[in-house]
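When the chains are written out, they are named A, B, C and D in that same order, and each has its own residue count from 1.
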């Protein structure tokens, strides 16, 4: 019964100081709870709803900051890539390359990620059935990937809405790789505020506890010191000050099932 | 922190002997686990997929059997009604009148159930949003209902499929009444076998644990000695022999959250 | 190539004078366009969103008004029933008994309607696949129904929303009965205004033209002199003054396909 | 009342001879029907379900064949791009750059396409509401695009299924650009055959007639001499031999509405 890992951090790399501070603070929470921590932040938000939204840093600047997180805070880092040429560049720094949900069927991007030898985390597209992810897994395996993570982050449900089908967790687990539940994007309301996405932050603890009860290996949550003023994904990120209180019952649920199933 | 109640039993009343035996066996499981038990069985399956499906007993015969369950096994009983004229008749015997999901907006049926003074359990329609249930609650309250239960049993998701949106549980709880999760109908595949509904029994434990983690007051599960040969809902009912093993981790999840939230 | 029939009228029977006036006015439009007209109005709205919504007349009063529509305006009439005991009573007056979408799987109601010998129009449930309607058809046929109509009125699509899948029209036509498209309920937004349903009246002409292009036998549209002040379904009913202009292009589409297919 | 344009061709560029032959044959059909024709074929299928699926040609080889279609057959050509670096390369040959549905929110890809000065056709993502496309339009306009096409190709509806919401056509038209209906991808069943997508070719004529009735500027249909043996999208492509018979009633529907609306 391995401990639940947390993949977390602010949605997008804002400044070096802020990024290091967030990584340090979240690490302290995880240390107190004795759970592994992987820092997540995006150098570029390549698919923002609106063209005037903040996008982040140039890839070089973003990776430099992530390298400092590794060096100074001592935690592995994850970031997402959007075009196949970014895979090798990002792989020089990050421990886990993430494929965004919209791009989970782009064969070149998957192949480029797999060929780096880094762990690849693929988010299940909002338009895909859980069982369709076996074709994504095969694309990665055929291209040499050894370490794969599969993430649930909600499925299209009418317009501007997602629903989490928790049957997806055991279904994707059958492909033989660790399963991640992205609790903050699962409560997103895509495009729900006209020129930006809305979110339902108050449902994050409920869905995260449900995921722990169903069975996951890692929990993905975007965390920010001040979500309401964050440049991206504010409506669904968890405030840093609440992180420990949110995580505790999730871990209690997980511990209650240790040894079963 | 009150214990989780089980509402359970075979989908439809088959014979008196079988019904009494099932009620007795399930009660023994619940006694061992120290949880309250309400026996559920339908006298009539009024909305079967096909006209040639087994429908059950006449209402008088069905109620007579349920009365014997109360007398001999000593547990409260629940059954569902389909037309408003059945409310007063069923209320003479049963402790909880249940309104089927397809009928949850039928004003006359809700009013008739409320006017009996019995507890009324309404299943959320597959076509309704959680927040729409507040209008159902108001119809019942206006008609004098004091004790109301609200049950989640899945929402339409494309054709021949349901999905459970676990956000519905805290959303419906805001109306001030106990919340039930129907774990066996939530894995139904309506019409999924052409002239009968299919089901995914193996997902019941996952969804029931998720519901316990999110927070419910009672768990609804159809249980049968031999589901594969049952006249109704076989593909999603839980075999009696597995009931205790299915319930234990669900109760562990619930206990792990005692005192929190 | 038979002409397209219109099934139309105000959602609910308000007063005798108003009902007769509406039937007369709509008949004049249909006469000018040389299309058959069946008057539709409900004596009782048994599944309104809220208990405080206007419900209509007692069944006897409603049927008396419908009889006058037949006698004075000279058109066949249609109404919907909600409990099986209403079938025989309504069948004394109405030419077509309609089964509401939420109730399309209630076996007793279907049987009672079939046994009257009247034509039965069943609306496909928002929770049903088109192919599931073959079980509904079988229930009616087994109970003696000879004349059956099947109506498309939209399918659940996320919360508080419907979508019309136009593949349903040819799919249901394969069962061998005339197909109706309900253009005004198809643009309903169920529960979309909190304690009542919203609607998107401006999309009615688009969807009705699409239905005519795909192939239907009758068009169902609720029509009202003053929808914005109507007691039910105002947001999706067509204003009487626009009816002729709405119908003309629909008929042009139908005529363009005469002889094909 | 401009004529309906056809955007058509085999899903993927197979060989030069086959591609030229198909373009020539489809042009002859369009000439007989007096409608404009834009040849469509993909040099690369970058998001096939399975990694072992046929992907097509290298971009240079594919573009060389498309240039020959322009030169020898005398029709404009359209192809789709998948990474931003392909935009300028493809724009040297093709008249219309197409952004695939999965990629419709990738800001860099949209910007790169817009900056070429070519017409850009964006397919609405299966995960997007029609009104969300206004943000896509703004990204293109801000990047200098003058000529934009917006294409409906179905919306996620449960798993492995799409539904066409015909309200999307007038809703997207409000953004001020021509509207295309993709009749063959709209009947796709994504991932519906395990390691490839299924399709429902027999519904194409119904949905295309519906689109013509609702109002479109161009019809997009993949056409192949022998769909059942095609390397991609066989289950939903229209056989060349049926193209003229499929188009005629669609044009009759369109003509019937000339001058209205």
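FYI, contacts are C-beta pairs under 8 Å (C-beta built on N, C-alpha and C of every residue); 3 or more make two chains touch, one makes a residue touch a chain.
Remember, predicted model here, so these are calculated numbers, not experimental data.
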Fill in the blank from the handout: The chain pair with the larger count of contacting C-beta pairs, comparing A-C against A-D, is A-D
Completion exercise
Taking each chain's centre as the mean of its CA atoms, chain A sits from chain B at a distance in Å of 37
Fill in the blank from the handout: Cα centroid separation, chain A vs chain C, in Å, comes to 48
Problem - Rounded Å distance between chain A and chain D, as computed from the means of their C-alpha atoms - result: 33
Exercise for the section: Among the residues of chain A, pick out those that touch two or more other chains and give their numbers. Expected result: 155, 157, 159
Practice task
Draw the chains as points, connect those that touch, then say whether the picture is a line, ring, star, complete or other.
Solution key: complete
Fill in the blank from the handout: chain A contacts chain D in the complex at 46-51, 55, 82-85, 102-103, 105-108, 111, 125-129, 131-132, 135, 138-139, 142-143, 155-156, 159-160, 190-191, 195
Completion exercise
Within the complex, chain D is touched by chain C residues 155, 157, 163-167, 169-170, 187, 200, 203, 206-207, 209-215, 248-249, 252-253, 255-257, 260-261
Problem - Residues of chain A defined as touching chain C within the complex - result: 157-159, 161
